[in-house]
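Note that chain A is present in both complexes that follow, paired respectively with chain B and with chain C.
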Partner chain A sequence: MAHFTKATSVHDWLNQRLGIDTVRRVMATEYWIPKNINFLWAMGMVLAITFALLLVSGIFLLMYYQPNVNTAFDSVNYTIMREVDFGWLWRHVHGVAASVVFLVIYIHMFTGIYYGSYKKGRELIWISGMLLFVTFSAEAFSGYMLPWGQMSYWAGMVITNLFSLGGLHADGLVEWIRGDYVPAQAFLNRFFMLHVLLLPLAIMGVIGLHFGALRIPHVNNQDGEELDFEAEAAKYKAGDKKHSKVIAFANDFMSKDMFVVGIFLIFFFYLVFFHYDFAMDPVNFDPADGLKTPEHIYPEWYFLWSYEILRPFSTNVGLMAFGFAQVIFFLLPFLDRSPNAVPASRRGLFFIWFWAMLIDMIVLTSMGKVPPIEPYGSIGFYAALTFIGLWIALPIITMLEKKA
Partner chain B sequence: MKELFILAVVTVFTLVTYYLVEPFAHSVMHKHVESEHFAYADLPALTKTGDAARGKDLVMGAGACSDCHSISVAGMPARMDAVTSAQSYGVNPPDLSNVGVVYDAKFLAALIKNPAHALKVEHKYTPESGKEHPMAFFAGAGGDIDQEIADMVAYLQSIAVKQDKLTPKMAFETACGRCHAMKYENWTQIGEKPAFKMKKDELAFDIQVIDYQDALTKYMGKLPPDLSMYIRSRGEHYISTFVENPQHLLEGTAMPRVGVTAASADKVIEHLADAGDTKRFEREEVGKKVMIFIVIFALFSYLWKRSIWKDLH
Partner chain C sequence: MKNGRRGFMGKAFGAVAGVGAVASLYAMKKSWDPLPSVRSAGFTTLDMSAYKENELVVEKWRGKPIFVLKKTAEMIAKQNEADKARDVLVNGEHYMVCIGLCTHLGCIPGYDPKGESFLCACHGGMYDFTGMVTKAPPPRGLDIPPFKIDGNKLVLGEEGPEYKKMKETGITL
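Right, the complex of A and B next:
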């Protein structure tokens, strides 16, 4: 057993029992981050803050929301929006944050791809990040069911139908997922459970893994330079902060993060108060009606690109393409055969690949929302083929890449 | 500076994506109808100056309006209750007290002369259908029919409340409330639902509402939707242009052209916002304060960053 002495202060009392000085040193003051970074490196903190906003607003909404097909719509639109003090604020914060979090996730992902931050020991950072993308997607989808509006109902119908797996006709699986032949009470209850318990738990667990995966390989930097973190840290601790290539997580990195968070929050709260419609589809303000299919059914904007990979093909081919799109990003660290972990601008063909992928995904996103009439149907079809083609080309062009 | 360049790239791609999935996609999905400012240009202008006193005699007498319509301000009660009326006519005919202010004068005149035409529901009452609009058209009382109609309109305008006394709720009830319920404002097609002490009284009321709705469903083909959240599900522009001419946005719909004046349409929309967007003023107030707070937060965080990083560069 450790030796305890009479505490001289509260700090000392805690320190003897929890080792708070060590925790602080390991997690903050001597957690080394490269100095050569730009504001894109703050997206992790922006995501953490957005997740906190979702969690807190969600807790308040949970106090009034009723997961019942007869009362869910009114509990949101009447009770929360009209009766509860600032219920409207929590709902708008929750709805807008759910949309904006995906914008930041996509920026975070493309930052990682651009700077090659998934290579040389950082593979697990990428994979755990992709796991977060998937769990956030499930969380967003399950949450979208809860207001039990027209889009909740019909999006639930369409997405659960995917599990019939086309030509396999696995209708039993679809019924098992729904707990009924159509989305109804059992469906709403289980998606409520997933949204407020199982998926948030999974997300918090994977966030832990994501942070943990970062610890040993360290954060990448703007030039892909391999740093000797110990030597640079020694310089920093000796007081030569100017020439050290690393900074401490707190307060150095944190102060820059918080500035970026400040700018982000200006944008975020502008959307919450003055421009929330994009995140709260008008169609979902009609109560769910199983006898009235909306004229256009489309997912929220952040799912549109993968929806458009599903849609232009025949059922079975579309499902395979969709399955491909869901898993392929996980494999990025292994499909990129080049040893160069440097920014895309120094990687020749990969630089073209990066911008082609980004633009193709924006085209897919856009075509995924409009009805598949010409010319949009064809544009979507070729953009989906381009997406698949780019992934097939990736190992080849990265193998041809010269060592930088 | 490199960071600003990166920010510009991120912003441009974000805005392009936003443009494509919002304004662009919606322009493809939804037909855009321009407002005609409730001019009802297809209806003939009133050429005669009406006389309210003569109009009163026509409305109460030869015009036979009061056979079906109550006029509560003039002490004319309804001959039947709302449910029986709906069972007889399909929908309860409106009380005429405030129609003179809610509806456009040109529209009222056209309505008296040929209801199905003014309401733009002639597609429902074709000769083949064998159906006739439940409101009988006015064939004249022996004199100049245009003069007689102008007189009736003048009378209806003379008994109506003044424009500035017309509340959003009154406009909604007169123009929409006999077909559309509004649960969040406690409104049913037969009026506001009172608070009942006894459960069986409440049930009796609910049964009346259901009977009314059944008659209305038979008349319209489908029960007209509850409008509680329409301000969010359809938005101001859609509602305004739809009310102006439902056929533009939903060809063949059984919903009649409502015929409200531009000012009354604004009142109706205000009432929809009072039901479905009650916190809009609070939202703007709180929004401004939060923006000020967050800008100050960003400024302080910038100063903090500068003070920390001056040792690092």
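Right, the complex of A and C next:
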């Protein structure tokens, strides 16, 4: 049995039982972060804080929301918005955070792509990050069902229909997912369960994996330089902080991190208080009606690029292109054949690839929002082809880079 | 001997756990199935004498919209063989009876009585007055629900001989 002595303080009492000093050292004071980074390295913390905002606002919404096809719409638009004190605050925080979290996820992803932070031992960080993107997408979609407005209903109809897998006509699978022939009570109830329990649990689990995957390879830096973390840490601990290339996660790095978070939160609460409408589609303020499709259906902005890859093709080809778009980012560490883990600006053709991909995704996003008429249809079609073409080109241009 | 017993215990534990896991997955799958009450709520009877020519009426069957369009004499004259095979004939009158969900991704197309055509606003698919596709992306014409002709009435959800024939010849799914 372990030997315990009479505690000299509360800290000592806890330390003997939980080893809090060790935990603090491992997690904070001796977790090393390179100095050579910029504000883009704070996006992880911005995401963690946004997730916390979603969780807290969600808890308060959950106290009044009713997952019933007859009462769901009013429980959101009447009870929460008009009766509950500050109910509007939780709803607007939740809605704005759900939208903004994707903006930050995209910034976080493209930062990783630009700096090559998905290779040389960092593959699992990328893959777990993509898993988070997928689980966040499912979380956003299931949450969008809950107010049971017109957009909720018809997005639910269209997205679950994707599972009929086009020419395979797997209508049984679609009915199984919905628990009915059309989205109805069973559908609303199970998506409610997914949104408030199963998917948040999965997200928290994958966040743990994401952080864990970061621990051994450490955070990348602006030059993709391979650091000897032990040697640099030894310098830091010996007091030579000036010449050490690393700083401690806490309090050194956290103080900078929280500064960026502070700036972000000013922007965030500006949106919550003055521009929450961008996250609230007017069509969704009409109650769900299974016999009336809205004039123009479009997903939330963060799904538009993949929606636009689905849209210009015939059903089966569109589904295949859509499926391609969903999984291809997972394979980035393996499709990039170059061993160079340096910023894209020093990688020749890859630099062009990076900006072409970013611009193409912005074009796809804007075309996904407009009705499917000319010339938008054609622009969307070529942008979708460009997306697929860029991914096919990636292994080739990165292999050429290896020879150079 | 000892290892043999350990191995046996391990395999026995694994087998029991495996059976339990498969059984619970089966229960989970079945719990997601549509309820019997949902499955059985599903016959709609339409009185076909009430419809007017070239006026689309949207009925409801199993929560889905059903398009009923009584065809005009001009429409009937315009039809080719494939179109005629989709006709539902009740008391000598010609009707289009279709599930009003776009076969692409399930939006409800809108009817334009002047153009005698349907347009799906979601992805721009178009159908003519017989429910056949005239513009992609829909992969096939509007589906025809199971029906049975009963004098002046049409029962949706039951499979009559006319419907079975359509299904066999691949006119509808």
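The criterion applied here is as follows: the second predicted complex is superposed on the first by the 401 of 404 C-alpha atoms of A that agree within 3 Å, B and C clash if a C-alpha of one lies under 4 Å from a C-alpha of the other, contacts with A are read in each partner's own complex, and residues count from 1 in each chain.
Note that contacts are C-beta pairs under 8 Å (C-beta built on N, C-alpha and C of every residue); 3 or more make two chains touch, one makes a residue touch a chain.
Bear in mind the structure is a predicted one, so any value in this text is a computation, not a measurement.
Visitor: One more residue to check, A:H169. First (chain B), second (chain C), both or neither?
Guide: It touches chain C, and chain B stays clear.
Visitor: Quick one: classify A:H296 as touching chain B (first), chain C (second), both or neither.
Guide: A:H296 sits against chain B and chain C alike.
Visitor: With the two structures laid over each other on chain A, which partner does A:N161 touch: chain B (first), chain C (second), both, or neither?
Guide: A:N161 sits against chain C, while chain B stays out of touch.
Visitor: A:D252 in the overlay: touching chain B, chain C, both, or neither? Say first, second, both or neither.
Guide: A:D252: touches chain B, not chain C.
Visitor: Of the two partner chains, chain B (first) and chain C (second), which one does A:Y376 touch, if any: first, second, both, or neither?
Guide: First partner only.
Visitor: Just to be sure I read the superposition right, which of the two partners does A:S9 touch: chain B = first, chain C = second, or both, or neither?
Guide: Neither partner.
Visitor: Taking the superposition as given, does A:V283 touch the first partner, chain B, the second, chain C, both, or neither?
Guide: first
Visitor: Of chain B and chain C, which one touches more residues of chain A?
Guide: Partner with more touched residues of chain A: B.
Visitor: Check whether A:I263 is in contact with chain B, with chain C, with both or with neither, and answer first, second, both or neither.
Guide: In the superposed model, A:I263 contacts chain B only, not chain C.
Visitor: Going by the contact rule set out at the top, does A:S366 touch chain B (first), chain C (second), both, or neither?
Guide: first
Visitor: Go through chain A and flag every residue that touches chain B in one model and chain C in the other.
Guide: Common to the two interfaces on chain A: residues 295-296, 371, 373.
Visitor: With touch defined as at the start, can you tell me which chain B residues reach chain A in the complex?
Guide: Listed in rising order, the residues are 2-3, 6-7, 10, 13-14, 16-18, 20-22, 24-25, 28-29, 183-184, 225, 228-229, 232-235, 276, 278-279, 282-284, 286-287, 290-291, 294-295, 297-302, 304-305, 307-309, 311-313.
Visitor: Can you list the chain C residues touching chain A in their complex?
Guide: 29, 32-35, 38, 58, 60, 62-65, 103-110, 121-124, 136-139, 173
Visitor: Touching chain B in the complex: which residues of chain A?
Guide: 35, 38-40, 74, 77-78, 81-82, 86, 88-89, 92, 103, 107, 241-242, 247, 251-252, 255-256, 258-259, 261-263, 265-266, 269-270, 272-274, 278, 280, 282-286, 295-296, 301, 304, 358, 362, 365-366, 369-371, 373, 376
Visitor: Report the residues of chain A in contact with chain C in the complex, numbered from low to high.
Guide: Its residues touching chain C are 154, 157-158, 161-162, 166-167, 169, 175-182, 184, 186, 190, 290-297, 311, 313-316, 318, 371-373, 377.
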